[in-house]
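Next come two complexes, and both contain chain A; in the first it sits with chain B, in the second with chain C.
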Partner chain A sequence: MVAKTLILIEHDRREVKRPSLHAVTAARQMGDDFALLVLGHGMERIAQSLVSLGAAAVLVADDPVLADPLADRYAAAVAKAFQKIGATTLLATSSTFSKDILPRAAALLDAPMLTDVLKITKSNGASTYRRPINAGSMLATVELTGELRVLTIRASAFEAPPSDVAACPIEQLEIGSLPDGARFISREERTSDRPDLTEARVVIGGGRPLKDKETFDRLVGGLADALGGAIGATRAAVDTGLAPNDYQIGQTGKVIAPDLYIALGISGAIQHLAGIKDSRIIVAINKDPDAPIFHMATYGLVGDLHQIVPQLIELLSQG
Partner chain B sequence: MKILVTFKSVPDPYESAAPGGSPATAKSVINPFDEIAIEEALRIRERGEATEIVGLTIGPAAVEEQVRAAIAMGLDRAIRIDDSRALDPYAIARILRAVVAKEAPEVVLMGKQAVDDDSNQVGQMLAGLLGWPQATFISKIEFLQNQTRARCTRETDAGLEIIEIPFPAIVTTDLRLNEPRYVSLPGLMKARKKPIEVQSCDDLGLKVEPRTKVVATERPPKRSAGVRVETVEELVAKLKEEARVI
Partner chain C sequence: MDNATREVFGNIAPSMQLVFFAMILASFAWLAWQLEQHRRQWRKARRPGFTRDWRVWLERLAIYAAAQKRVHKKSLGALLHLLLFSGFVVLTIGTTLLAIAHDGPYDFHHGWYYLIYELTMDVFGVAFILGCLLAIYRRAFRKPRSLGHNWSDWWLLSVLLSLGVTGFAVEAFRMHYTQVPPPVAHWSIVGWLLDRTLLQGLDVPTAQSIHLAVWWVHAILVGLLFATLPVNRFLHIITGPLNIATRPDRAMGALAPLTIEEVEETGRTGVAELHDFTQSQLLSLDACMECGRCEDACPATASGKPLSPKAVVIDLQRLMSLGGGNVHQTIQDETLWACTMCQACVQECPVLIGHVDLIDDMRRDLVGEGRLAGPPARALQQIGNQSNPYGRPNAERLAWAEGLDVPTVDSNPEFEYLFWVGCAASFDPRAQKIARSTVELLTKAGVSFAVLGREETCTGDPARRIGDEFLFQERAQANIETLKRRKVSKIVTPCPHCYNTFRNEYPQFGGHYEVRHHSTLLAELIAQKRLTNQHKSDDPITLHDPCYLARVNGESAAPREVIGATRDKHYREMPRCGKKTFCCGAGGGRMWFEEAPEERVSRLRAAEAVATGAKTLATACPFCLNMMSDGMAGTPGGEQTRVLDIAELLLERQSRELER
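Let's look at the complex of A and B:
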């Protein structure tokens, strides 16, 4: 099996992370044949779910030593797979998973890397890449030299790929010995009935004026549930313990692009705006009429969120 | 136990985001994530678990202002690799590897990303080049077994993850690891007298060329402000009838 592009797929041991598949769209735009790589243990069902995306093959390294995503062994396995199929592009969707592993794999492959690519333009055989810098306040156009390239792409900038292509084969990958320096101890992940923050159609974000965890859960959580949405938060809200770290939206947290984002008590620091500005509709509810968020909100409502949000929840619950 | 802590000078993110500000005109500061790395190294030394903290940066003489600030925080020594080129993360990682080979630290602490180019690559690349284990995006670190390994809590998209790594190792810091100390004016004055060791890529026997090149930068299209609504009823009506999102 040979393919020009290798895409590292992310999963949570039960199923594929859907934004991870948006890298397939980037690969299709580049026009090269591509293979998908799945690392883990007990991967039969996950591998099977990937066969109809138009890949040349789904490569699977299924081994107990890959049960948890430790960067030293994962990067080594990725580099081996890359070399085995003669690839020149390594690709994944941006996430804490890919950002941990791909730069390390890039170093093993002696290849340059670009993070958070938004657009790939090809002219006269040469490619240029668009990516955000300075918390998204600027966009850079970048060129690469050399044969190899490693890219992470923003899920919000590439569509979900069609998944009705004729099935491709699944190939088991022999990865041989891997580094075993790091050891996985445990993870702390909440299970929630709410949709995933990066995949949700509606997101409600909460800032520090929510005051305490109880108020945050009642107002942000209540509005999210009234609209079937996900919950996000500002860095300040996470720092003060109103919300867990994986709710953080922004430059160093998650980047979202829902149909509707409702910002509650969020003034609009550039680091937060970096994570929400691709939302289709932005609603800001804030008592400060001069808050910067109003400059980019589709609809702004000035007032006390402690009064407004319960009214909003009630009105929405009436249908 | 010797800790190498790396830091980058970046345009002040708050100043460059202010109305009328830009990355080109903002004053330089230590990259906020790197400042957290320096702070953590100091706390490890204060707990008696490290004996020496060496600071390392790459840049022209103009970055010495930030080197002084880092010394004032409490570095034992500071090294500046004199290079004024627009380097990319992989070039930086190769330079850092050469310094690590010379300095032989047990731990390299660094910010998870620089807030100017937002790449989030150098620590992982350095770990790959050295073949050392890595713990990225950490919000907690605890040394174990006589300072031969560390237990790190990592912030991930799904929540938190705890891993253990043996030394030597690379550790990159996330925002919630600590709150960096303020540097006093007398401390800053005292730091002016401390020597900064200046080296070049030639001194390190390195030929490093960046392989990524920024050919243009532009401001993204601005989202324009929409309309103000006066009541909850009006808001819901707009969302239903105009935006059709609920």
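Let's look at the complex of A and C:
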């Protein structure tokens, strides 16, 4: 088969990572045919989950050597697939995975690359791409010259695609020999039912007023589960033992950019705000009306979180 | 009484005198040779870095060496040093005068001069011995941790004490065998007492022989003292005054600029090899006598971090004695990053060593070699890209002013004062209240001022303290351009770090302004009755002095004026206040470093504040406000304490006045 656009899909070996599907919406906007590429080992279930997204085909390179995402071999496989289907655009959602692989693929293909595209506009047959520069303080509109291009898009700038189209074929890809300069040694993962803090679309953050670990897990965890979100914590909460260190959000913790961040009992010290400033919507619940977080919050509720949050959890569970 | 005198070298045959002089000469020659080895090490450095003005030398020697200004303190160490110092100096002067009288053209060593001389020598001899005994007691029993222990310390104390004791023994034996009569004998009071009590019944020939023996012991001890001077703490009597006199003449808050030429010469920014320091800095290492006062004052040491300013100096001193080498193999990166640059060490040092300069020079090399990672590196990146360390869009510089009618340089071009907000008060929501309160107060008082708005960018202070000197210079030059274009001559700012940088560091690049911290201006307005601060607090209140305001720039009166401390019976002073203030932990770029909870400097200071029983803690710096808010909230007893800036407090009181 041939297709103009090839989209690299990211997965965690069990299922597709949802944000990586947003690239499909970008491809649909561009209008041309697109194919989805899945690399890995034991990919049947994952490939099957992708057939109704409107792609021309789901290409699968299923091989033991691709069991772990090592950039040199993945990039080579991507480049081969790209050339095989005669594509001109290589696309993926911006993530550490695509940042690792796509630049190498772009070099192999001798194609220019743009990251974190927010908007694609077509006029007179030429496309322009809007993307942030200077760490988000400015937006640039860029044109690319040449036939080929490699793009990553920001998940938050494109909707999740509907999975409502008639199934497309799944094609197995022969990858031939791949470089093996890197060797996979080990992986450490926190297995959790909850989404990963840095990738979740909804994050609930808890602060010092949550008193103890049990309350923290009950209220912050409870609200996170009701909304299908991840848990975060302030440095103060981590210091007093309410939450483990890898939940810490802020200047010396993780920087997150979810669609929705709910801050429970968080005053809004600037070090914490550094970690949440790119959130789309911030909701703050705090009993101090002068808390600095209310300056940054889209919605604020002044009150006792110990009263409010249980009620919230109940309302959300019913709905 | 006019004939009162004594024979000099009475018991010493001329041939013995010759041996004596030869021995002393040899001892001093050996001393000079050792000092020359030290000097060679200093001279290996390329840049001198000394002050050349002899008037500055004299003034400093008078204040710090003669009057011992930095030594005075309520402590056993200070007392014993005063005794040792005064004793040693007076006895040395006395011996010199005796030599001049004996060998010079005119012998003045008789009569009332002689009697007063004898009494003075005896009194100071006792003081000297007392000092030695106290020092032995302190070292053996008190054992302060920061003092440091070495076999050479016991050697020195033994020699000094022995000198004192043998000195009086010689006097006593001399008086006995020369049979000095009262009342003349009474003036040499100690010798006379010793003679009367211990030497009664001793026959003259025996006394004379013992005198000779003790005299030689004393003479040999003198020779040994000077010959071994450079291998123990005693070296400081030479290197201390040398450093006091010649150390660079720069304000405490001003770090030395780095030039492109220096970088081209060494191929590095900052210090990697010991001899990249200046000669003056290397001399200062030899001036340290390990008193430990810097370590006692250091907030990093107090909070358990791997930094002691004394250890930094001594480690470098040892490296120098080995001939030099790479400093980073002696001093860990963590040690250098732990410093808050609060200058407490520099303030305490009796011989004026500049620990902060040493640390910053080494940091510059770490930054240059890319050995800084994580949040502080990100802060530097953000200063470069977004013109503020918080990474906020610079276009949002006036977000804090929403709802307030703040004059800008465009709307009020004839402004008198430029109100420089600073990054913290511009972007930190908690500190934005400082900016708002100050604007309201200035407006109320009818002051003509304006803000730069988007044209304001980071002064570069965090960059300089962390060690990215070129980022700092880039920011400085850009800001100086802006200030020139906007014709700024007077600046008022609520941030002591911005204040310090404008006042002490921008002149290095051609920016000269009349700078006030907002506390100074507010205090002036109160004095002029344009603002009121009559209302007192209802609860106990205390003030935390910012390091860069109180210690580094000497301003601790104005913040107290602003909160009416002197007239307020509820005002309590923390033990470490004014120039002795204790850091909040944010300086030196530490605001952006990760710190384990048990190592937080702010907790130590918060505990001190809680101990005063204050329900309100006033600060005068947006960093201190941030640190102390966090620190108090996490300290038992401090959770309910209100932490706020002096401007917020003063504004509250303006409205309270109206309510009355």
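The rule is simple: the second predicted complex is superposed on the first by the 204 of 319 C-alpha atoms of A that agree within 3 Å, B and C clash if a C-alpha of one lies under 4 Å from a C-alpha of the other, contacts with A are read in each partner's own complex, and residues count from 1 in each chain.
Everything that follows uses one rule, which is that a contact is a pair of C-beta atoms (placed from the backbone, for glycine too) under 8 Å apart; a residue touches a chain by one contact, two chains touch by 3 or more.
Note that the structure is predicted; figures quoted are calculated from it, not measured.
In the superposition on chain A, A:Leu178 makes contact with neither chain B nor chain C. In the superposed pair of complexes, A:Met30 makes contact with neither chain B nor chain C. In the superposed model, A:Pro103 makes contact with chain B only, not with chain C.
By the touch criterion stated above, A:Ile170 is placed in contact with neither chain B nor chain C.
Set against each other, chain B and chain C differ in how many residues of chain A they touch, and the higher count belongs to B. With both structures placed on the common chain, the touch criterion links A:Thr252 to chain B and to chain C.
Of the two partner chains, chain B is the only one touched by A:Arg280; chain C is not.
By the touch criterion stated above, A:Ser186 is placed in contact with chain B alone, chain C being left untouched.
Of the two partner chains placed by the overlay, only chain C lies in contact with A:Gly268; chain B stays clear of it.
Touch criterion met: A:Ala236 reaches chain C, while chain B stays clear of it. Residue overlap on chain A between its contacts with chain B in one complex and with chain C in the other: 134-137, 239, 251-252, 269-270, 277, 295-296. The part of chain A that touches chain B in the complex is made up of residues 12, 70-72, 75, 95-97, 99-108, 111-116, 128, 132-146, 179, 181-190, 198, 202, 227, 235, 238-239, 244-246, 251-252, 254, 259-260, 269-271, 277, 280-283, 294-302, 308, 311-312, 315-316. If you check the complex, the residues on chain A that touch chain C are 134-137, 208, 236, 239-240, 251-252, 267-270, 273-274, 277, 292-293, 295-296. The touching residues of chain B, counted against chain A in their complex, run 11, 13, 16-17, 23, 88-90, 93, 112-113, 115-129, 131-137, 139, 151, 154-166, 169, 174-176, 211-220, 222-233, 235-236, 238-239, 243, 245-246. Interface of chain C with chain A (complex): residues 374-375, 381-382, 385-386, 390-395, 424, 427-432, 592-594, 597, 626, 629-630, 633-634.
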